[in-house]
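Presented sequentially are two complexes of chain A, the first with chain B as partner and the second with chain C.
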Partner chain A sequence: MAKKRSTLGTRWNWLKSITALAVSVFFFAPFYIILSLSFKPRTDRTSYWLFPKEPTFDAYAYALDRGDIGLAIINTLIVTFFSVILVLIFGAIAAYPLSRHKTRLNTLILSCFVGVMMVPPLSVLVPIYKELVTLGGINTYWGIILLTVTYSLPMSVFMFTNFIKSIPKELDEAALIDGCSQFMIFPRIILPNMAPVISSVLILTSVSIWNDYSFQLYVLQKPKLKTITLAISSFFTEGNSNMPAAAAATVLSVLPVAIIYLCLQKYFIQGTMDSAIK
Partner chain B sequence: MKKLFTIVLVSFCTIASLMAGGSKEQAADDGALHGSLTVATNASSPTFEAVEKVIELFMEENPGVEVEYTTYGSDYENLMKARMAANDLPDVFATHGWAVNRYAEYLMPLNDLELSQRISPSVIDTVTTDDGSIVAMPITMEQSGIIYNKTILKEAGWDHVPRTLDEFYQCCEDVKALGIAPVYITGKDTRIQANMMDIMAVSMLITCNDAGDNAERLYDGTFDWSKWAPVSSFITELRDRGYTNVDATTADPIYTQEKLAFGEAMFNFNNQAMITSAWELNPDADLSMMPVPAFHEDDEQIWIGGERECYGIWKDSPNKELAIALLEFMARPENAKIVCDMAGMPAGFIDIDSEQKLSEDYAQFADLKIYPYFDREWLPSGMWATMRTIGGALTAGEMSVEDSCRAMSDSYLSLMSQQ
Partner chain C sequence: MKKEKQSMRRFIGSDPRALTLLTLPAVILFIMFVVVPIISGINISFTNWNGYSQNYSYVGFDNYRKMVTDPQVWTSFRNTLIYGFGSTLIQTILGLALAMLLSSKFFFRSGARTVIYLPAMVAQLIIGYIWYFIVTYERGALNDIILLFGGDKVDWMSKGFRAVMIITFINSIAYCGKTMIIFLAGLQSIPAMYREAASIDGANAWQSFRHITVPQLLPAFTTSLVLNIIGGLKMFGLVVSMTNGGPGYASHSLSSLINTLYFANQQAGYSAAVGMFSFVFIVFVNVLLNKYLQKKERQYNG
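Up next is the complex of A and B:
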């Protein structure tokens, strides 16, 4: 009986492994195609599934030289880094009173944050663009950072608020009894407990900013300010496309995000689960 | 806490420092030009590279000037609409066929510049407003009809390009028998179907022998839109007879260049720039441009044209002096020739002797008249979107020809009432 159970268990494990492998292959396929394409010359018309017999780095050279993908990565890093820092700081600071002081006003403010998340950002593009022109924010880093932070904050406030609600209020009271001031409770007691949700917000926000196209297209119009998405799109114009160069640029731009994600994925998964549980 | 404070402080300082810079000046105390200019276009390779080369020469001649030249490709129109709404346009920008109908009120008249005297008579009307202001400078002009592959045409047993619509359908039938897609449509972006209707509508509604007073009625808003049926039917006929590629409703335009370059499509409704792009992939591609087929047997064939790579100066630009200098430099015969030769497009000036692969083919039809695109001349601004919608729906079989006429009528009346 025990032997039969063990055989069943082994089969079940095999089935799980095969399913996991199949799913992995399915998700890896687009990356393989991009990688394979990036090593092909522009005139190579073989199937995307076939890796080139004579791989070439021409597309990478073109992407770095004509596409200025190196500068685009630096620009994207600047926009993403400062936007995420500001989103984390303002999001956490705003979320603390909203979660701890359950007044009618705070409930209304939180509802407003959630409501704003439902508004498609591009639907208010023209007034925002006009405002940025008036402020002199077009073609500046601060312009795109301001816009990005504005649209990323509601989600971070929402996630932070839900997470802080799950931290027992008794911790605040104990800190007060131990002599901690009201203002220092947040940085000393609450903030250290928020690591999982901070990594969650950090990853979600940075990936969304890293991949943003629409806002960056309108705000960053100078070639020297182009971000990765804008640089990649420049390989596709009306009537002309350079797929290998676009693929090479994609590989180069995916690497930083992939490395960050792999380093933080443990926190990401944990944080997503924790912030979902009140 | 201190660390957090430091991070915030450093962040703000860095952002503040990033904000600095980017001043625009055009001081000319020493007689030389100084300052910076922004130039925007929707041009793709090789036109973009050609203009970029000329701009680099301009910067070499004027070391104190920095020109930022960029292309926004298919996003250009949307970007320009937002910028027009905010009255914040680039110093110099491409007008892509809309110099008069869309951009005229934002452009500076160029009549006082010497270059305006050299603009070709066949294109000058498309950049001149009703009050006689020349608002843009066409470096190249368009002379389009239908792109075709000469080798496939011969293989299909044709020694001349189809002259009438019936001949065009017959030619499609012969090409289909060879196992090649006769007409390549890329329905993922419905611009191609709109372009097909835009071209055929001129032949079917304006230049045909039974056109009557269609043109006048389109101008005054009394056009009978049931007459639009043949234009929509052109797309449904191609679809029903199997003369399009099998993936016509989903094909991506980025593959057009490849299909034409390697002889996998016979006809395509695009301008000469597409042929030049295809030659980038395969310089031996036997491509050419044929005039628009006549609607009836006794009608004349026509060309569709207007300005192509055409630049105007924003009337509120703080750098007008620099912008004028740039346009004058680009208009010099030797510089305009660079653009025409590299882009493979006819010159928009009278004194440019440009050598192009297609010159001989064009010479065969030198006596044919050039007409503007239908929507640019006879429709109110905004109808392009409607044409794209119905073009896509007709290709996919989601709309009947009658419904498309109604949709055109509704959109036309609505836009005319807003004028």
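Up next is the complex of A and C:
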């Protein structure tokens, strides 16, 4: 009886494995197509499904050279790096009072921040553009960074406050009794405990800023400041017939995130879960 | 003077209200890039500003009056609803099915999780350009398969409503990995003894799913609903890269329409008015959604 059940179990597991494999093939197909296309010579007219018999790196050379994908990656790195640092600092220090002291002002601030998460950027981008023109922030790193930070902060404040709530308040009180000033509690007591949530916020924010399109489209209009999404979109819209190069540019833009994702998968999944907890 | 200084020091040192000062950087940014733009957006929406000129005049409610009868706005509004609620429906079903499949241990389980979640790392805009090679008419990968089986090529994105459906579908496929993770987390949090108890009581698989799994997953449903609806209603990059709103204006979302009105048509005033409409609409949907879900959760938790 026991044996019969286990063979049924194995058979069931094989069925699951095959289903999972089929689903994965379906999900990976679009990526396979741009990969195979990116290794084809420009003149290759074979089906997108066929991998080239003699793969070449011509398309990559073209994308890096004429498409300025290298420059775009550097620009995106600059914007992402500085924005993420500011999001982490501003988000963490703001989250401490908001999670510890439920004053009327704090509750109001928190609900305003969380409300921003649902604002579609495009609904306010026309006035933001106008404001940045007045401030001289168009085509500047500080313009795009401050704007990006503002719209990335709500998520980080949300995740940080949820996490700090789970740290026992008794720790704060003990520190106060021991003569710690209330402003020192955060760096001395809370911050050392925040490593897991910091890694989650770091990962989620980096990916979303790396992938941003709407803010960058409005603020960065000089070709020299083009970020990845802007560079890719000009590849596809400026009447370019070099499809392998467009595919290569796309692969190059996805590659950094994909590699980091494959190495730190555990943290990406943890991050997604953290962001979902109410 | 000295007394004032002392009481100031006491406020900073021990009054918890002083800690609110730590939110200052975030609050300043919030005022600069959220509050001011909303007010100025309301202001711009009453003008005929073209987006760059110094001169413009106030036109009262003209932009809003025009909006009510503008078929482009209504089509975009309908599309936005389809993008938002359609994606939510497909992603919830797909995400839950994938989570159920991948929750027990078997060969290739983690491989499948990795692949399914991978597109969620990629920008909407770029997802659209990747899928372009599949749905495009000339040499498109999908048409190649149809030709292989002796069918006729289809110009997939040439009809407005079909384009809207395809974009909704692609959006759901690309980002259902996130929903799957949320449901996986939910499934793991259900104690195994619940299902064991049910099977001892003679419940079949469907009954156990309906009466144990679904109610226990309610928080996960809530989160995925809220995230997907907000995400779908914000839809922008994918529309731009797949159709740029075309054919004509048939597949625009409100966001991509605002962008076109501003950049291509230079109707900044009108664009701001549509922006205010989409802002108010999304806030409205979310308030309603939150109220409903809170009530529902309270009912289940007794």
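In this text, the second predicted complex is superposed on the first by the 256 of 278 C-alpha atoms of A that agree within 3 Å, B and C clash if a C-alpha of one lies under 4 Å from a C-alpha of the other, contacts with A are read in each partner's own complex, and residues count from 1 in each chain.
Please note the rule applied: a contact is a pair of C-beta atoms (placed from the backbone, for glycine too) under 8 Å apart; a residue touches a chain by one contact, two chains touch by 3 or more.
The structure displayed is predicted, hence computed values, not measured ones.
On the superposed chain A, the two partners chain B and chain C do not both fit; they clash.
In the superposition on chain A, contact is made by A:207 with chain C only, not with chain B. Judged by the touch definition given at the top, the superposed model places A:130 against both chain B and chain C. Residue contacts after overlaying the shared chain place A:85 against chain B, while chain C stays out of touching range.
In the superposed model, A:233 makes contact with both chain B and chain C. After overlaying the two complexes on the shared chain, residue contacts for A:159 are found with neither chain B nor chain C. When the two complexes are overlaid on their common chain A, residue A:222 makes contact with chain B while staying clear of chain C. Counting the residues of chain A that each partner touches, chain B and chain C differ, and the larger count belongs to C. Note on the chain A alignment: of 24-32, 114-122, 186-194 or 240-248, the part of chain C that runs into chain B is 240-248. Common to the chain B and chain C interfaces on chain A are residues 45, 89, 125-126, 130, 217, 233, 236-237, 243.
In the complex of the two chains, the chain A residues touching chain B come out as 42-43, 45, 78, 82, 85-86, 89, 125-126, 129-130, 133, 138-142, 145, 184, 187-188, 217-218, 221-224, 233-234, 236-243. In the complex of the two chains, the chain B residues touching chain A come out as 1, 4, 7-8, 11, 14-16, 18-19, 22, 38, 40, 42-45, 48, 68-75, 79, 82-83, 85-88, 90, 191, 253-258, 262, 270, 273-274, 277, 280-282. Within the complex, the chain C residues that touch chain A are 12-14, 16-20, 22-23, 25-27, 29-30, 32-34, 36-38, 40-41, 43-44, 51, 98, 101-102, 104, 106-109, 111-119, 121-126, 129-134, 139-141, 144-145, 173, 178, 181-182, 185, 219-220, 222-224, 227, 230, 233-234, 236-237, 240-241, 244, 254-256, 258-259, 262, 268, 271-272, 275-276, 278-279, 282-283, 286.
Only residues 13-14, 16-17, 19-21, 23-24, 27-31, 33-34, 37, 45, 47-49, 89-91, 93-94, 96-98, 100-101, 103, 105-106, 109, 112-113, 115-128, 130-131, 146-147, 149-151, 153, 157, 181-183, 186, 207, 210-214, 217, 228-229, 232-233, 236-237, 243, 246-247, 250, 253-254, 257-258, 261-262, 265, 268-269, 272-273, 276-278 of chain A touch chain C when the two sit together in their complex.
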